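Letters A, B, C and D name the chains as they come in the text, with residue numbers starting at 1 for each one.
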Amino acid sequence: MDILTLFVVIPTLTVFAIMFAKNLEQTRMISAVGMTAQLINAVRLIIAYYDERNAGNTADFLFQKTYVWFDSLNIEYAIGIDGIGVAMIALTAVIIFTGVFASWTMEDLPKEFFISLIILATGVFGFFISLDLFTMFLFYEVAVIPMYLLIGIWGSGPKEYSAMKLTLMLMGGSAVLMVGLIGLYFYSAPDGGELTFNVIEIAKVHMPIEAQRFFFPLTFVGFGVLGALFPFHTWSPDGHASAPTAVSMLHAGVLMKLGSYGAFRVAMYLMPEAANEMSWFFLILVTVSVVYGAFGAVMQKDLKYINAYSSVSHCGLILFGLLMLNKTAIDGAIIQMISHGIMTALFFALIGMIYGRTHTRLIHEMGGLLKVMPFLSAAYVIAGLASLGLPGLSGFVAEMTIFVGAFQQNDLFHRVATVIAASSIVITAVYILRVVGILLQGPIKNDKYFKLSDATWFERVAVITLIVGIAGIGMFPYFLSDLIMDSLHPIMDHIIEAGKPALSQVSL
Amino acid sequence: MSFEQVLLMRNELVLVIAMLIVLAAEIFLSGNNRKLVIPIAVGAFAIATIIAWFPQPEGVIFGGMYQTDTLRQIMKNVLNIGVLLIFIQSMPWLRKPEQNFQMSEFYLIIIATLIGMGFMISSGDFLMFYLGLETATIPVAALAAYDKGKRKSAEAGIKLILSSALSSGILLYGLSMIYGTTGSIYFHEVANAWGNTPLQMLAVVFFMSGMFFKLSIVPFHFWTADVYEGAPVLVTSYLSVISKAAAAFIFMIILFKVFPTSIELWKNVLYALTIITITLGNIFAIRQKNMKRFLAFSSIAQAGFILLGIIGGNAMGMTAVVYFALIYIFSNLAAFGVVAAISNVTGKEYMNDYDGLYRTNPKLSLVMMLALFSLAGIPPVAGFFGKFFLFMAAAKSGYYILVLIAVINTIVSLYYYLLVVKAMFVNKNEHPIAWFKSDWATRIALIASVLGIIAVGLISHIWEYINAFSFGI
Amino acid sequence: MDFSYTIWIILVPFFMFLLIGLTGHWYKKAAGLLGTAGLAFVFLASYYTAYKYFFEAGKVDGVYQQIIGYKLLWLSFTDKLTIDLGVMLDPISVMMLVVVSTVSFMVHIYSLGYMKEEAGFYRFYAFLSLFTFAMMGLVVATNIFQMYIFWELVGVSSYLLIGFYYDRPSAVSASKKAFIVTRFADLGFLIGILILSYYTQTFDFQIITSQNGPAIAGAPAQTFMGFSILTWAMLLIFMGGAGKSAMFPLHIWLPDAMEGPTPVSALIHAATMVVAGVYLVARLFPIYSFAAPDALTFIGYLGAFTSLFAAIIAMTQFDIKRVLAFSTLSQIGYMMLALGVSGYGEHNGLGYTASMFHLFTHAMFKALLFLGAGAVIHAVHSNFTYEMGGLRKYLKITHITFLVAVLAIAGIPPFAGFWSKDEILVAAWEHNKLLFWVEYLVAGITAFYMSRLYFLIFWNKTPHYHHTPHEAPLVMTGPLMFLALMAIFAGLIPFSEFVSPDLTPYHTHLHYNIAIPSVLIALLGIGVAAAFYLKETSYPDKITAALKGLYKATYNKFYIDEVYMFVTHKIIFGLISKPIAWFDRQVIDGTMNLFGIGTLWASRKTKGLQSGQLQQYAFAFVAGAVILVLSFVYIWA
Amino acid sequence: MIAGIPLTHFLIVSTIMFFIGIYGFMVRKNLITMLMSIELILNSVNINFVVFNKYLYPHQLHGHFFSIFVIAVAAAEAAVAIAIIINVYRRFNSIDVEQASDMKY
C-alpha cells in the first residue's frame, strides 16, 4: 500500500480495533499504539519525501496515485503530496499523538471518545493527502462532524450550546464551500474537455474571471470560517472553552489549519485572478481579526477564552500572510500554521491539565501555580513565550517571515496593514504576561492548591513532545522553511503570474 | 399479445402473485396458525423482489399505455427493496396480540399499492398514470387508519383520503384540459401536440399541483405531518419513503418527456417551490417534538432537495434523483426502524423520551445517528453523496444561487437532526428508555439499512449503473 | 587568524542554560559553580579574543577590520534577505565582549554568596546563563536581524530575572512592565528593520553600513511626511534602542526593574542590556551619520533630556537601587548624547569614541555600585536610605569600593568616569553648545546625588539595627574589589586608539579648558551633598518644604508612570479591550445567534399555519394552485 | 340530441361544477358532504372528458374511457372514504371535520 493511503488506513484500523476494546486501559493502549504508528509513518514520509527530492524528482506533487471513483463524474481518489502537505501531516501526527496522551484518563465512555477523536484525525489526514476536491471535501466534513459529539458529550460548561454553534457554523462554512467547489468543477474545462475535481488539472485551466469573482469568495469564506476569519470566528471561543482537552488541541492545532490550508490550496491556487483582485477586501478583514483577536484576549477571564481569542489573532495572521500573495509571506503563513498548531495544542493540553487539578479555568481563582506544579507552569511559560514570538521558539520564525514578506508589497495599503498586524505582537505580550502573572506567579491563593501534584508521565510525554516541536522549529527553521519554499515555487508562479495584469490596474 | 409481452409486466405480475398468496394464506389459515401469515407474506414478497430483480428487456405493451425500460426497472427494484425492509420491520409489530385479527391486510394493501406504483412508473399514457396513482393512494388511506382503535389514526385516515381525493380531482381537471387541447392522453402524442397555450399552461399547473401533493411540496404539504403522526409508524415510513420516491420519479419522467417544451414554466415553478419547501419544511421541523412528525417535516425538506435534481432537466439530475431516492429509502427506513422498534416496545414517540438513549441502547442510537447523518448529508454516509450529486445536477444547469440557498438550508436541517443526536448522546435522563433486546427481524432490517447507508455512497458502481440509463430533456 | 572558536563564547552559556535549566533541580547548589565555571570560560575567551583582535589580528594597514569569525545560514526569507547567525568582530563588539564577560563573570561569582539562600538558586543561574548567551549573541551579531533575535532574548531573560521572586506581586508586575514596554519599543525596531531591509535588500551590517552600500550611497529617494524614508527607518530602529536603553519616555520600566535580585540589576539593568540601545546606534552609526542626520540629532537631544530628567529625579529618591537606576538612565543619556554630537572620521568621531568609552567605564563603576548596594542591602535587609547610615564602620570593603565608584561616576580624576565624561563634554562643546551646558549641569547634579547616596548610607546618623550589619563574604567582596580596580584604572585606556566610527585609530588629549570646570562643578556637587548629608541636618527638609510642589512631582517621577497607567488601563483596557470583548460577545456573536434565534422564532410564529383543520389545508392547496396559475400563466408566460 | 348546444356551454357547466365542488370542500363541515363535493369535482372532470371527446375528437374514445375509469375510481375512493368516516364517527362521535383536528402544529 502506498505511504499516503496508510495515513487514512492506520487510524481507520485503530478505530476498528478500539471497537473491540473492553475498557479504558485497552482503549488507550490501542489508541496510543495506533497513533504512534501514525507518527512513525509521518517520519517515514518525511524521509521518503526528502529521498525523492534528492533523487531529483521535481514534480509538484510526489507519491501521486489516482484511483477512479465515480467514473462518469470523473471523481477520483487522487492523492499526492508536496512539502506543505508533508509539514501539515507531520503536524497532525504529532498533535493527535499528544492528544491521545492528554486524554489518558478519559473515564466517561472512553471507547467512544477515542473513536470520535481518531475519526476526526482520519478526516484531517485524508484532507491533506487529497488532490481531488471531492475527496478533499469529504474528508473535510468527516473531520468536522465528530466535533459535535466530542464537545457535546465530553465537554464542559455550556457544552451543548457551544457544540451546536460550532458545528453549525463550521458546517455553514462548508456548505458555502461546497457551492464553490461545485463551481470549480463545472468551470474546470472551459474548452470542452472532461470536467474534473483534480486540483492539478484545474490549476492548468484558465477559469473565466466572472466565474472566479463569484466562486472565490464562496470558497475562501467557506474555508475561512474554519480558519477563524473575522467575523465568522465566534464559534471558536465558545467551542474551545467547552471542548475537552484533546479536542481543543486537535481542533485549534490542526482543524483550524485545515481552513487556512484550504483557502490557500483551493481558493487562491485555483482562482488566482480573483485572489489577486479581491485580496484587499479579505486583507482588511484579517488585519482586523489579528488585532481584534489580540485585544479580545486581553480582558478575558477564562484560560480557554484567552487562548481561543489568541487563536483568532494568530490564525488571522496566517490568512494575513496568505493574502499578501508573495512567496515569503506565504512561506511564513505556512510556518505559522505549523507553529501555531503545535503551540496552541500545547496551550490547550496544559490548560486541560491545570483544569484537571484545580477544577477551574478562571485565572483569578488561581495563582502561584509555579510553586506547586513547576513542570506544567514552566511549560506554560514556554508556550506563552512561543505565542508572543520569542526567538528560538517557533512563533518568531513564522511571524517574522510573514512580516518581512508582507513588507515586500510596496504600497501604502499593504504597509499600513502590515504595521497594524505587527502591532499585535505587543498586545500578545500583554495578554500572555497577564495570564502568566496572575495564574503562575504571585502568592498561592487557595490553600488546597498546596496539595496539587505536578505532571504525570503521560502528561509529560505529551508536553515534552510538543515543546520539542516548538523549539525545534524555532531553533532550526531552515529545514521547514526550505521544505515549504520549494513547494511554493510552482504555486506562487501560478498566482503571481495571474496577478500581474490585475495588479497594474489596482496599484494604489 | 404474446406471452413475452405479458412478461414485460413481470414486476407487477409477481407482486400480484405474492398478493394472492397472502390472500390465500389469510383465507386458509386459522386459529394459532394465523400468525404464519406474517412469515408467508414476507417470504412471498422477498421472493417476488428477487424475481423482479432479474434483468429484463425493454418494451411497450397495451398500445403504449405500459412501457418499461431499465431505469424504471431500477426504480421498481428500489421500491421493492424498501418495501421488503418495511415488511421485515413490521413483523414484531404485527405479531402483537392487538393486531391479531388484521395481520394480512397490512401486507395486502401495501402490495396492492406497490402494484399501483409499478403501473404508475411504467405508464405510457395519462390514464395508466392516473390509475396507478389512485391505486397507490387510496389503499394507503385505509392503512393510515389502520389502528382502528386510535383517534389519531382515524383522523390521519380521513385527512389523507379527503385531501388526496381533492388533489386527484384537481390533477384530473388538469388532465382533462390536456386531453381537450391535444386530443390525446399518450405521453408521446401529447408531447408532440404541445403548443404552450395558456390553457395548456393552466393544465400543467393543475397537474403539477396534484403531483406536488404527493411529493408534499409546500404549500401542498399540510396533510403530511398530520397523517404521518397519526398513522402507525411503519405506514408512516411507507408513506414518507416509498410513495414519495415513486411519485418523484414519475413526476420527473413526465416533465422530461411530456412537457419538455414548457421547461421555462415548470423551471420557474420548481425554483420558487424548492426554496419555499426546503425553508418551510426546515422551519416547521425545528419545533417538532414527536419523532414521527419530526421526520415528516424533515421529509418535506428532503422532497425540496429532490426538486433540485429535477429542475435542471439533465441526465445527471435524473440519476441523482433515483440515486437519492435509493439513499433516502435506506436512511429514512433506518430512522423509522428505530422509531418503530422503540415505539413497539415502549410506546414512546417523543424526542425527549430519547434522552440518554445511547447509554441504555447504544446500537439503536448509533443506527439512528447514522441515519440522521445520512439525511443531513454528512460524509462518509451515503446521504452526503446523494445530496452532493443533487446539488451538482442543479449547478450543472447554472442554478448556483438556488444551490446556495439549499445548502444553507442544510445547516438548519443539520440543527434539528443534531437535536435528536443530542437527545440520545448528550442529554441526561433520570429514567431513560430501559435496555431492550430487539428481535431478529428488526435487527436484520436495521443492519440492512445501515449497510445500505454506508455502501451506496462509497460504492460508485451504483451511481454508474443508474447513470447509464438516465436521460435528460 | 581564525576566530571561529568565538562561537563557543555564545554557545557555552547556552548549553549551560539548557543543562542547568533541565537538570539543575537535581543538584541545586552545584548549579552555581557550574554556571560560574561556564562563565569563566567565556571570560577568558573574551579577553583572549580582545587581545588577539586589538593587538595582533584586528588591524590591517592601520584600520581595524570587521572580521566574520563564524557564520551560518539560519533562515532565508528571500534570495537576498537571509538571516545568518554568526560572530562579527570589530572594535565595538570586541569591547562589548569584554564588558559583558567581565561584569557577568563578576556577577556570577558575587551571586554565589548573595543568592545562596534562595530556593530558586539553580533557576537563577540558568537564567543568568541565558542572559549571557543572549547578550553575547547580540553584541557579535553579523546582521540586524540576528541582533533583533538576541535583542528579544535579552528582553525575555531580563523579564525572567526581574520576576525571579515570582511570588512577590510587585516583582511580577515590574517584570511584566519591563517586558511590555520594551516589547512596544521593539515593535518600532521591527518596523524599522522591515523598512530598512526593504530598501536595502539586506540585513547584513557590513553591507548596509559600508560607504558604498545601499543605505548610504544608494539611499532611496522616497520621503514620507517630510522626512526621507531612511530617517523614518532609523528613527524607528532607534525606538527599539530607546526602549532597551530606557530613554524618555520609555524609561518607566527601568526603576521598577529593580525588583529583581540586585546582581541582576548590576548585570542587566546597569552594565550590559540597558546599553544595548547605545550599542545599536553605534553599530548603525554610519547610516545615522550620512543618511539620517536628523535622526541622529534627535538622538542627541533625547539623550540630553533624559540625562537631565533622570538626574533630577535621582536627587529625591530614597530607595538606593532606584537612585542607581535613575543614575543609570542619566548616564545612558550621556552616551546617547555623545553619539548625537558625533561626526564621522578622525577627530570628528570623538563623540562616538567617547560614547563607547563611557559605556565601558560606566559598566564597571555602575556594576560596582550595584554590587556594593547589594552588599549593603544584604547587610541591613532594607533598600531605603532612611533605614541606613553610618555603615562605614561595619562594611569596610564595601565602603571603600563604593566610594571609588561614587568618585568615578562623579567624574573626579583619576577615576574612570572622569576621562570618559570629559571626552563627551569635549565632543558636545565642539558640536552643540546647548547640549554641552545641559550636560555640564547634569555632571554637577550627578556628583550631588551620588554623594548624597554615599553619605546617607555610610555616614549620617546610625539608626538602630536589629542585628549588627556585617561585611559580606569574600565571594562577594572579591568582585567588588576587582571592579573597583577597573573603576580606578579603566579611564587610562587610550580609547580612541581602538574605537572610532571609521575604524581608524586617532589621538586624543585632555582638554583642560573643559576638564577643570567639570571637575569643579563635580566638587561643588559633592560639597553641597556633604553639607546636607554628612551629618543629619535640617537643610534637606527646609529645601523640600520650600519647593514643595516641585519636590513632590520629582519624588513621584513627574507622574509619568501614572500617565502610562492611565493610557494602558483606562484607554487600552477600558476603552479598547473591554469594548471589543463586549462587541464580540454581543454584536458579532449575537448576530450569529440571531440567525438561530430568528429561525426558531419563525418556527414558533408559523405554527398556526399547521392548524390541524383539513379545510384550511385544502384552502392552502387551492390557493397555492391559484397563485401558481396566476403568476406563471399570466405573468411569466 | 345535444347537437344544438355548443362546447363552451358544457365547459361552463363543468367549470362551475368544479368550483362548486372546491367551494363545498372548503366550507362544508360534514365529512359526507365534503365527499360529495369531491364527487362534484370528479364529475366536472368527467363532463370535460366526454365533451372534449365528443366535440373535438369524435373519431377516438380516449375521453370516454377516461371518464369511465374516473367513475370507477371515484366509487372506490368513496368506499374507502366512507369506511374511514365511519371509523371517525366511532372515535369522535361526530363527522364534523373540525372535530378531527387532534394533530396540529
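Everything below uses one rule, namely that a residue touches a chain if its C-beta (ideal position, glycine included) is under 8 Å from a C-beta of that chain, and two chains touch if they have at least 3 such contacts.
Just so you know, these numbers come straight off a predicted model, no measurement behind them.
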item: Chain whose Cα centroid lies nearest the overall Cα centroid; value: A
item: Pair exhibiting more inter-chain C-beta contacts, C-D or A-C; value: A-C
item: Length of the line joining the C-alpha centres of chain C and chain D, rounded to whole Å; value: 97
item: Whole-Å gap between the CA centroids of chain A and chain C; value: 37
item: Whole-Å gap separating chain B and chain C, where each centre is the average of the chain's CA atoms; value: 77
item: Euclidean distance of C-alpha centroids - chain A vs chain D, Å; value: 65
item: Interface hub residues of chain A, defined as touching at least two other chains; value: 168
item: Interface hub residues of chain D, defined as touching at least two other chains; value: 22, 25, 34, 97, 100-105
item: Of all residues in chain C, the ones touching two or more other chains; value: 596, 607, 610, 612, 614, 618, 622
item: Chains touching one another, given as label pairs in label order; value: A-B, A-C, B-C, B-D, C-D
item: For the chain B and chain D complex, residues of the former touching the latter; value: 126-127, 130-131, 134, 138-139, 141-142, 145, 148, 150-152, 154-159, 161-162, 165-166, 169-170, 172-173, 175-177, 179-180, 183-185, 225-226, 229-230, 287, 293
item: Sites on chain C touched by chain D in the complex; value: 607-608, 610-615, 618-619, 622
item: List of chain D residues in touch with chain C within their complex; value: 22, 25-27, 34, 97-98, 100-105
item: In the complex with chain B, residue positions of chain A that touch it; value: 69-73, 75, 134, 138-139, 141-142, 145, 148-149, 152-153, 159-160, 163-164, 167-168, 171-172, 175-176, 178-179, 182-183, 185-186, 214, 218
item: Residues of chain D defined as touching chain B within the complex; value: 18, 21-22, 25, 31, 34-35, 38, 41-42, 44-45, 48-49, 52-53, 56-57, 60, 62-63, 65-66, 69-70, 73, 76-77, 80-81, 83-85, 87-88, 90-92, 97, 100-105
